[in-house]
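Next come two complexes, and both contain chain A; in the first it sits with chain B, in the second with chain C.
Now for the complex of A and B:
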């Protein structure tokens, strides 16, 4: 693909604590300078979506963000489960992440909606209700932590849209993905407060040049929590309907951002394939991958083809074809321009 | 001298004033400092994604299971519109039809304004389900009595706390009515 390739010399630092990577040995010492934004991976991202993790790190560095992994990260304590069991347990577990981030002086950045809503609502509830803050700090004292409530929590979309800015994102697009048709799924929690995050999501997607196809099932939940309660309905009525719509409309990709949703999409696709003999061909692509491609990175730079329930080869071929066509058009225009008197 | 034991009858709960005056502590409206005694849960179908977290939270709160068939409110996909989710949850009516219809006088409105079914008096006839405009009371298969939303005993209801998209709102009755009117006109 003849695209101005970004500089890959500045390798992404891999000081991932929750992966248990070898680099994590250095984490307990204070040698590594903390970054401004601490990326909270969550549970699914390192286990099932290495390509998305890498792509997110690549684009964040590419956009000049002071971005690294959050150290000493624990489970986000998913509110969908823990809040029902005990709101106090949920607050205490989530507060441990918040206290760690506060100690490190970072802003927590989440790409998973579940992690984001857990952190966001916990810090909101704790700062508004001093009694709960006291209860949580009593629990945290057992592990030598203290939460003042100064920590900031951001969704990755918020970070890109507000802190980086659309102008900068648009200016970095060197490979417009014009001609790629996608369906998108942002996930439930991102819709909780207002329509800001869904709008940001669409705006950034459109900046890459893709065409967004609207369907009635765009809003529909992926069925992750419902899977524990009613697996049949979660797969047939949620993932089944979404993926069948994508298949019928022959879109090139299903773009997601939430790791929890991806977990459910992958599970649904595998169950359909193994138990019902139905294979869906629409690849499920992370939002960061699309941005990385638009910024000129190659699929190999973030291992796009690996660990996929649905192969992305056809999608990559289409991106290559579009790139070649764009290059041809650009060359033609240049020649035409040169011939002018 | 042996004195005869004097029999004193047990103090029965008086059911006569069936719609009682609300005497409970006022509840704070979420996000404000306002305190009211009459909050209701309203569902905005435009925001609902059908995640069913409300049903699962409700089932866990009342039955300690994640099986949503135990929930006391219901969210389903609209038969008329794909990808549009509708809900039915108890509004704890000012003049409840279920209460008026119960032949055993098992339904009452408590001091917090919560419409409850007494499990001791209910015989499981199902009249309340027929009388309710949205069929809220449902049969508890194990106990063979009818059960319904108890507004989580006056706390912020678990369905409202669990809602992942903010489709369930907790509002004073007057504001809730305004919102429903607005949603219907849309």
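Now for the complex of A and C:
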């Protein structure tokens, strides 16, 4: 694909919160120390979505963020499961991650909505209710940890939209994905408090040039937690309807951001294939992959074709075709421009 | 004839795995001691597989050889900087689980990795 290829020479440091990006983003004024972001991977991302993890790392670096991994990350702890069993247990387990982040001096960044809501709601509850803060600190003291409550939590969408800003994101798009039609699934937890994150999601997606196709299933839950109690409803009525709609509308991709939702999409697609004999063809693409492509990275820069439940070859071919067409148009326009007196 | 769809095989497998890691004699004992209050573990069988992984590795999914290869091919470190390479973090989590009473109320046997009640 012929676009201005970004510099990949300075490799993303995998286990270092400070990645030494060549261009640092000035996120704060008046000599305030720039924010150091720690990417909280959670359970699904490192085990099932390495392409999304890599794409997130490269675009964050590309945007000049001080963006590295949060070390010692454990399960977030899954709010849908743990809160249902015992809210206090959920707080205790989440507090370990929050205390570790505080110790590492990072702002936690989550791409998974489940991880984000867990961190976001736990820190809010703990700082508002001193007796709960005391309870978790009594437990954390047994493992030499302490939570003050200063740690900041951000959803990746919030980070991109508010800290980086749309102007910068738009300015970095060198390969507009015009002509790519997508359905998107933001996930329930991202819309729990208000519509800010879903709006940010759409705005950033549109900045890449894709066309978003609205459907009646956009706001339905993926069914991840429902799967435990009612697998048929979770798979047939949720994933099945979403994927069948995508197929019927012949969209190029189903874009997601939440790793928990991806886990359920992958499960659903495999169940349809193995148990129902139905193979869906619409690839499930992570939001960061689209941004990486729009910023000029190549699919192989983040291993886009690896371990996918639905092959992305057709999607990549379409992106290549669009890139070639855009290059041709640009060359034509340049030629015309050169001929002007 | 029921119009209910057949249960999904993958879900049945998950449920069976949960049952397999559970040992209890309550059904037999309830015949002998019908008035004894039965212990109801807080975790249903369907969740036990993921809880066991969480208790043992600190995460719900394991990063094994195959995914290690995929990670490397994507340009990442073979192992993520999670509890997977920080075993101390998992040890600490288990202390917190113990302190919070999770093991006791889920009837989790740390030594055997089973749910016994």
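Keep in mind that, in the parts below, the second predicted complex is superposed on the first by the 321 of 341 C-alpha atoms of A that agree within 3 Å, B and C clash if a C-alpha of one lies under 4 Å from a C-alpha of the other, contacts with A are read in each partner's own complex, and residues count from 1 in each chain.
Here is the rule we go by: a residue touches a chain if its C-beta (ideal position, glycine included) is under 8 Å from a C-beta of that chain, and two chains touch if they have at least 3 such contacts.
From a predicted model like this one, the values you see are computed outputs, not experimental measurements.
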Chain B and chain C placed together on chain A: clash or fit? fit
If you stack the two complexes on chain A, which partner ends up touching A:89: first (chain B), second (chain C), both, or neither? second
Exercise for the section: Return first, second, both or neither, reflecting whether A:174 touches chain B, chain C, both chains, or no partner chain. Expected result: neither
Next item on the list: Look at A:166 in the shared chain and tell me whether it touches chain B only, chain C only, both, or neither; answer first, second, both or neither.
Entry: neither
Practice item. Could you tell me if A:228 is touching chain B, chain C, both of them or neither one (first, second, both, neither)? Key: both
- Task: Look at A:216 in the shared chain and tell me whether it touches chain B only, chain C only, both, or neither; answer first, second, both or neither.
- Result: first
Original post:
Touching A:327 in the superposition: chain B (first), chain C (second), both, neither?
Top reply: neither
Based on the superposed arrangement, let me know which partner A:72 touches: chain B (first), chain C (second), both, or neither?
-> second
Chosen between chain B and chain C, the partner touching more chain A residues is C
**Message:** Quick check for you: in the superposed arrangement, does A:275 touch first (chain B), second (chain C), both or neither?
**Reply:** second
| field | Which of chain B and chain C A:192 touches, first, second, both or neither | value | first
Overlay on A puts the nearest Cα atoms of chain B and chain C apart, in Å, by 6
The shared contact residues of chain A with chain B and chain C are 85, 228-229
Within their complex, chain A touches chain C through residues 11-12, 14-15, 41-44, 46-48, 50-51, 53-54, 57, 69-75, 77-78, 81, 85-86, 88-89, 92-93, 96, 100, 138-140, 142-143, 145, 227-229, 231-232, 235-236, 267, 270-271, 274-275, 301-303, 306-307
Contacts from chain B onto chain A in the complex sit at residues 47, 49-53, 55-57, 59-61, 66-69, 77, 81-84, 158, 161-166
The chain A residues in contact with chain B across the complex are 79-80, 83-85, 87, 117, 188-189, 191-193, 215-221, 223-226, 228-230, 237-238, 241
The chain C residues in contact with chain A across the complex are 4-5, 7-11, 42-44, 46-47, 50, 54, 58-63, 66-67, 70-71, 73-77, 80-86, 88-90, 92-93, 95-97, 99-102, 105
